[in-house]
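Have a look at the structure below before the remarks.
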Amino acid sequence: MIALLLRDLKLAFRAGGGFGLGLAFFLIVTVMVPFAVGPQSSLLATIAAGVLWLGALLACLLSLDRLLALDWEDGSLDLLATAPLPLEAVVTVKALAHWLTTGLPLVLVAPILGVLLNLPAPGFFWLVISLLVGTPALSVIGTFGAALTVGLKRGGLLLSLLVLPLYVPTLIFGAEVARRGALGMETQTPLLMLAGITAATIALLPFASAAVLRINLR
Amino acid sequence: MIPDLGKYTDTVLTSYAASIVLLAALIVFSVLRGRKVRAEMEKVEQRMTRNG
Amino acid sequence: MSIAAKANALWEYANPRKFLATSERVLPFFWITSMFCIALGLVWGFFFTPDDYKQGSTVKIIYLHVPAALMAINCWLMMLVTSLIWLVRRHHVSALAARAAAPIGIVMTLIALVTGAIWGQPMWGTWWAWDPRLTSFLILFLFYLGYVALWEAIEDPDTAADLTSVLCLVGSVFAILSRYAVNFWNQGLHQGASVLRAGAVTGTDTEEKVSNIFFYPLLVCIIGFVLLFVALVLYRTGTEIRARRIKALLARERVGG
Amino acid sequence: MTLTVTDLTITRGGVPVLEGLNFALETGRALILRGPNGIGKTTLLRTLAGLQPPLVGTIKGAEDQIAYASHSDGLKPTLTVTENLAFWASVFGTDSIQPALDAFALNELADRHAGNLSAGQKRRLGLARMLVTGRSIWMLDEPTVSLDKDAVQMFADAVRAHLAEGGSALIATHIDLGLDGDILDVGANKAKSGPLDDFDGGFL
């Protein structure tokens, strides 16, 4: 399992691995927002938490179609499926690698982009916390979507169509934590719900992803 | 004929029109596709029976 | 006949040929009764019920809005059950029934949304409000779209049936989660009297009880929509079975059978 | 471990392609799979490797014994030859990749990125992967595609060494590898289709 994780990380960091693409996308989307809604700092402060969450979510979504498709095309998935590793472990490791290369960097740069959007001071802590708790769920759900569409040519658009509705609860609770935190309100309930969703998806969804992958490998 | 719907005439009538159009479209498309597929199946079955 | 034998007899309809023969026999009954019930309920509701003291004549929209909304949800439940049957017992008819039902669910959701928006305009002064129930239906609509898109995208019929079934199961869980999340996110500015007396109809809200004058035609409409749904599912499943057989025959021709 | 196949019917895209397959693959033996294109050799190998379920019939002795090599080699172009092999070695829980490098003359290429290899070199690397799996039954699908004469010889030697160690191999190929093996021609097992009006179950 560790070998697979290390290989995926190595591939992400080598040339053409796509590391940083998600980050750059996140940066650009955030920078574009003031151009679209106007530069008033009070308005930006109100929407900052939501915009950053949405930007992070889209950046995650962007990198999903590479998650399993590359291994599918070069036959690695066939070989992994006949290896002693259970497919449930394979998809979990894939999701973890995706989070480490996409989700975690987003969490780290989000506060910097928060400054650009005039996020209120108490919001920074809650923004980082909510992204830290919520982005793993995005990676795991995304892996399920990638497993569903892995056998399809040009599955990218369909992947977004399938995954976005599944992202709704995570987005609602995650953005709610950040928004309430920025306003200095109580954040415990949505944070617990967010943590619950993340824990439940990590525990259960890999089984669905592996089942779907087995069907696609047939 | 039509009862007095007061100031909401447009609202009620658009709702009914929109719903009935949608339902009718669903039924019509279902039946059209059903007929097409049925005819095609018979064609393919006949062709395959003829060719063994 | 014992219960087990009855259950076995039920599974016989999983045989495509038997399903086609039986559905062809019962379909006229469902078409006619559903049309009769819907016509009766709508005419009764439209012409022979008084206006609501608060909402005026807009209350007449309830005869379309509530049945459509109920069927939108019931349709997804039916797809969930047939998907499970396919995954467990591998009956092709079951998977094809789920596929046949999805577009009906889309249309029902659309009717509920459109009538809701048109109704909302005079009541709330806006076409669209991010009311929890409306929002939930919008999300349900997205789930239906994804489900249908996945069916359309996959070439191999059995793979498509398997993948969409799993999507239906996972989607159901997330749809329920979304429902709770949406409730939490916007604690229902417009709930209660102004829109959804559906809660009152189904008896969850005793204070807001819709009086019998409105209730009976509504009930007739709901029955009519259920019958129409059954008729459409039976008919469309028949179509899907034939389409599946065409595909199988052509595949066989290619192999050179 | 003997691989025993009894009364196997396999499907491709829901359509049966081969039926009534019966054979046994004993340790130390090679079995050459023959048959015209499109008959279902790849499907058979995938079924035996456990990637897809058979329609009817049983496969005994295959569980966790099979190393499968498909048309594609599962190589990552941005990893070096050593890294590619070492990855598969650790996935399969074996440690040494040196014998594999030796057997397919990959030592000089060890630090090259797999993306910079020629087609034949990639194929050699893909076949070297079989050695690091430590599995006893090899299943190879057209292994000699894009290999030159020397490389084919290397491959035949590797298979021979594997058989000598008590392994076995099932190879779909049209080239005579000079192996001491039996030939299994599946052409006779082409699935016959049932009557047209059979409407049940699998729609066929």
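We just call them A, B, C and D in the order they show up, numbering each chain from 1.
One rule holds for everything that comes next: a residue touches a chain if its C-beta (ideal position, glycine included) is under 8 Å from a C-beta of that chain, and two chains touch if they have at least 3 such contacts.
Remember, predicted model here, so these are calculated numbers, not experimental data.
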Practice item. For the pairs A-C and C-D, output the one whose chains share more C-beta pairs in contact. Key: A-C
Review point. Relative to chain B, which chain has the most distant C-alpha mean position?
Key: D
Point to revise | Interchain centroid distance [CA atoms averaged], chain A/chain B, Å | key: 41
**Study point:** Separation of chain A from chain C, taking each centre as the mean of its C-alpha atoms, in whole Å
**Key:** 32
**Study point:** Whole-Å separation of chain centres (CA-atom averages), chain C against chain D
**Key:** 48
Exercise for review: Please compute the C-alpha centroid of chain B, do the same for chain C, then give the distance between them in whole Å.
Suggested key: 16
Review point. For chain C, which residues are shared contacts with two or more other chains?
Key: 245, 249, 252
Study note, to complete from the structure: Residues of chain B that touch two or more other chains sit at 45, 48
Practice item. Please set out, as single numbers or ranges, the residues of chain D touching at least two other chains. Key: 196
Study note, to complete from the structure: So, in the complex, the side of chain D touching chain C is made of residues 13-15, 17, 191-193, 196, 199-204
Check your understanding: Where on chain A does chain D make contact in their complex?
Key -> 2-4, 7, 10-11, 14-17, 71, 73-76, 78-85, 217-218
Review point. Mind pulling up the chain D residues that touch chain A in the complex?
Key: 46, 49-53, 64, 66-68, 70-76, 78-79, 83, 87-88, 90-93, 129
Revision key, fill the gap. The chain B residues in contact with chain C across the complex are 3-9, 11-12, 14-16, 18-19, 22-23, 25-27, 30-31, 33-34, 37-38, 40-41, 44-45, 48
Review point. Mind pulling up the chain C residues that touch chain D in the complex?
Key: 15-17, 92, 156-158, 244-245, 248-249, 251-252, 255, 257
